[in-house]
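Provided herewith is a single structure, encoded as structure tokens, for subsequent inquiry.
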Amino acid sequence: MDQLLQHAANAMIIGGTYALLGIGLTLIFGIMKVVNFTHGELYSFGAYMMYAWVMLIGADFMVSLVLAVVLGIALGALVEFVLLRRLRGADIDTTMLVMIGAWIAMQNTEQLAWSGVAKSIVSPFPADPLVLGPVSISWTRLFVFVVALVLIAATYALIQRTKLGKAMRATFQDRQAAALMGVQINSIHTATFALGSGLAAAAGALLGPVFVVYPTIGDSASLKAFAIVILGGLGSIPGATIGGFILAFAEELGAGYVSSGYRDAMGFLLIILILIFKPTGLFAQKERIG
Amino acid sequence: MHIDPRKAALSVLAAGLMAAPAFAQDTIKIGVTQPLTGAFAASGNYVAQGAKIAEDEINAKGGVLGKKIQLVIEDNKSNPTEAVATVEKLIVRDKVPAIMGAWSSTLTLAVMPKVMEYKVPLVVETSSSGKITTAGNPYVFRIAPTSDMEAVAFTPLIDKLNIKKAAFLNTNNDFGIGSAKAYSEALKKKGVEIGVMETMDPKATDFSAQLTSIKASGADTLFVTTAVEQITLVLKQAKELQLDARIITTGGSNSPDQLIAQAGSAADGSYHVVFFPPWFPDVVKNPEAAKSYMTEWKKRGHEPGGMTEGFRGYDGIYTIAEAIKVAGKAEPAAIKDALWKVTVHGVYGDIKFTQQGPKGKESGQNVPSVYLVKIEDGKVVNPEL
Amino acid sequence: MTNRILSLAWVAFLISIPFWMEDLYYLHVLIVTGIFIIAAMSLNLLLGYTGQLSLGHVAFFGIGAYVSSLVSLGFEIHVLPNTTVSLDPKPVWFAMLVAVIFSGLCGWFIGRVSFKVRGAYFVIVTVSFAEVVRLVSLNWMELTQGPMALNNIPYLTLGIPEVFEVEFIGKVPCYYLVLAVAVFTYVVIRRLVQSRAGRAMIALRENEPLASSVGVDVTRVLVLATIVSAGLAGLAGALYAHYVRIVDPDVFLFIYTVTMVIMVITGGKGTLAGPIVGGLVFGIFPEVLRGFQVQPEIQWITYGVLMILIVYFLPAGIVPAIRSLLPRRLVEGGDGSVEPNATAEARS
């Protein structure tokens, strides 16, 4: 029982960042119809920026976190502006090939810039964990969890409460109608991609100090994000949020009680099950693309 | 590595005309295959840096047989298939007469059939799996200790550390599995109870599941076998989960100074099996070699934590250079025979090879020293045992 | 007719290579390139002719490599506490046959499951499939040795034992073996796409609703294409395993699928010669770059950028672009004037 509680605590904490990753990817897909293979690279970009600011420049941890996210947003906007703008209206396969090319170029640029050696980021939180009965949680992880929840809430607020969010939702539902109503589709696309990228960078910047940072960390982040959005249904933000937590629990419990080697396989097994029994994902609002 | 494109094109066109003087060049090439990227990148880069120090020192002293040596360093990406590809390139393209590598046991075992196929000697600077020198490959010469040697050296410490119940967490490759087997057998002989034996993928970063079950098992000592990147994470996550078992890392690729720098107070109280203790250079067999290496390492501004790993590459290149000198020519068969005759006063100690493995096709195995160090209050100390 | 002569001349040239190329390293590069070309040709069947962007193709390549290795090495596994399944080592040619059949079966299974969905879902499902297979190969250590890799895989021998045997060890025999398999693959794919089923594939690539309305059994055609494609990819994987003689779970990495995809789209998807041209470009390109002492990272960055540029400016690939240029040049007396419309046309 103690062990189960500890596993559950671990899963909750990782689930928060998974949800961030998933929301970012699902937003981009829902609004832009782009399968974003660079998502994981934004994640590792966030982690490397955290490393650069905290470990190389010696900036404050919190300031570095904000900077990493802001830079992630900027990079996302740049990618959209340079690569995707001219492909608006292109079919999904074409944009996907471009994003794969961008992914390869970005990952290898990272490897060139930072070398293949893993980097550690020292966090300012006390090393002794918070102990709640049988469960112990490090302060760094707790911080990661809280920030992730704040960012999820902020994203919801942005989508539901702001004018930008309204325009995004309109574009999601009917792009042409939205354009006719005066929504600047180009700006919405840039904003969406920047926001999604910022969330991925935030996830990387948060998890960088928990684990280590190396050039290919983005690959598994991308795959997890794909699994999460399939679980939740492509384009569904609540689906991605819950999907993130489901994936984290499946992985943690699978690793704890089945086999730690199959931790990363849990997500894909869920995908296959979902595909067989409920092909639209658990929370899909719209018809799948086809 | 340094092919002039024009020359390459020429050699394709005119290969038939040129009587391919394979080894007659103005430099003597030595092949190196190391994991410069991927899961073992930190260690692989340290070994390559150490190898380059040896290259420069040897060349500064006039080289070997009147020629300069030239290292051709290939990145095997921490992957066995890539390791085979690098060895293929080194032998077929660069025509090196000897190779040093390939860091991890799995990588070394992967390239062994290749060096046998092409009959090129391989000096193994790091790998610890017993299988390497018992496989019947007469081209393999290992200067690193085997896991069994480590375990034998460790046995007297079992009582002193008062180990009653041990747990294991190791990578699921030849390095980790071989080490866990050797240590658990040594512990069993001393009547120590063996608790859970957990494994991890060499690329994994989250060990909370394994550490949670190790904690539940109530072991007093946890043996960890992997490279420094994963050790850092294991120490941090063990502290987060309040695992109070004493942690001992084996295999010598633990870079204690790097652990102190990156795991902070989570490294305190852990023990580490190393093969070169730069903190007390006077205890080693050849202090001059050790000091010369350490001075140059510091001068080049390499990561201080890598010093316990880089010396392997340094010694490996000196061993090959010495064998070329003894052989009198830079040809694979002559170097292979010469390796049996060399004695190198290296950082590892006096390196010389004894026969191991099936009769008639023995591999060479060196017997180096093994040290146990402890981290206390952010410093490496010689544990008072 | 000229086409046939050209093809024969091309094959004759390829056959002649080992006679004058004495540097074995270049032969090695050609062998590995050839194996990837076979895989790219098989991917082209799905990507180019049916229009399905399958990004899990390396799964079939890897399954072929693992199955052929395991059958030729033999294995023993415990499936239930008291039941073991074991297999004694079998001849390599037999192992390769099993590998092709097994890969084809996996293609059938994946086709049945994943063609329920299209677009982004299909892509992610195929990526996930390759990832699951990679994790199984990594963790089922009793069977696959996990990260320790399957080592010492035997090389191929053909003939009657002790009477007449050809050993495919060393560069020259392996080169001819790969060349023979490549020609075989080319012929199989050519036959298939020129058959009724092939026309159905192209029809549903162009307009799926229309194709199905005129009676094309969409799922059946797609599954057939996947089976053939998977079987040929498995054959390429088996060749690879018996040439490099080691397989590890990284054979399933996404980057290898991407390499095949780049080869196909660079050469020209949906053309028979496309994967060959793309494969030669990307197989030999790294060696040229190495000659200029370019780091591998820069090489990959170049690949990525090239891929983007091709999608933008040459979306149909090299082969169709050349084809659309050539006759006009002949007609216009070869004045070499620039063809600004070529790319625009190809894109529309």
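So that you can tell them apart, the chains are marked A, B and C in the order they are listed, and the count of residues begins at 1 in each.
Simple rule for what comes next: a contact is a pair of C-beta atoms (placed from the backbone, for glycine too) under 8 Å apart; a residue touches a chain by one contact, two chains touch by 3 or more.
Because the structure is predicted, anything quoted here is derived from the model rather than measured.
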item	value
Steps in the shortest chain-to-chain touch route ending at chain C and beginning at chain A	1
Reference chain C; chain at largest CA-centroid distance	B
Whole-Å separation of chain centres (CA-atom averages), chain A against chain C	32
Mean-CA-position distance for chain B and chain A (Å)	37
Touching two or more other chains - residues of chain C	138, 146
In chain B, residues with contacts to at least two other chains	75, 172, 201
Residue numbers of chain A (touch at least two other chains)	111, 261
Chain C residues within the chain A interface of the complex	53, 113-114, 116-121, 123-125, 127-129, 131-132, 135-136, 138-139, 146, 254-255, 258, 261, 265, 295, 297-298, 300-301, 303-308, 311-312, 315
Sites on chain B touched by chain A in the complex	36-38, 41-42, 45, 75, 172, 198-201, 204-210, 212-213, 216, 229, 232-233, 236, 239-242, 262-266
Residues of chain C touching chain B in the complex	20-26, 28, 138, 141, 146-149, 151-152, 244-248, 250-251, 288, 290-293, 296
Residues of chain A defined as touching chain B within the complex	2-3, 6-7, 10, 14, 111, 115-118, 120, 122, 127-129, 131, 136-138, 140-141, 211-212, 214-215, 252, 255-256, 260-261, 263
Touch list for chain A against partner chain C, complex	29, 33, 35, 83, 86, 92-94, 96-98, 100-109, 111-112, 219, 223, 226-227, 229-230, 234, 259, 261-262, 264-265, 267-269, 271-272, 275-276, 279, 288-290
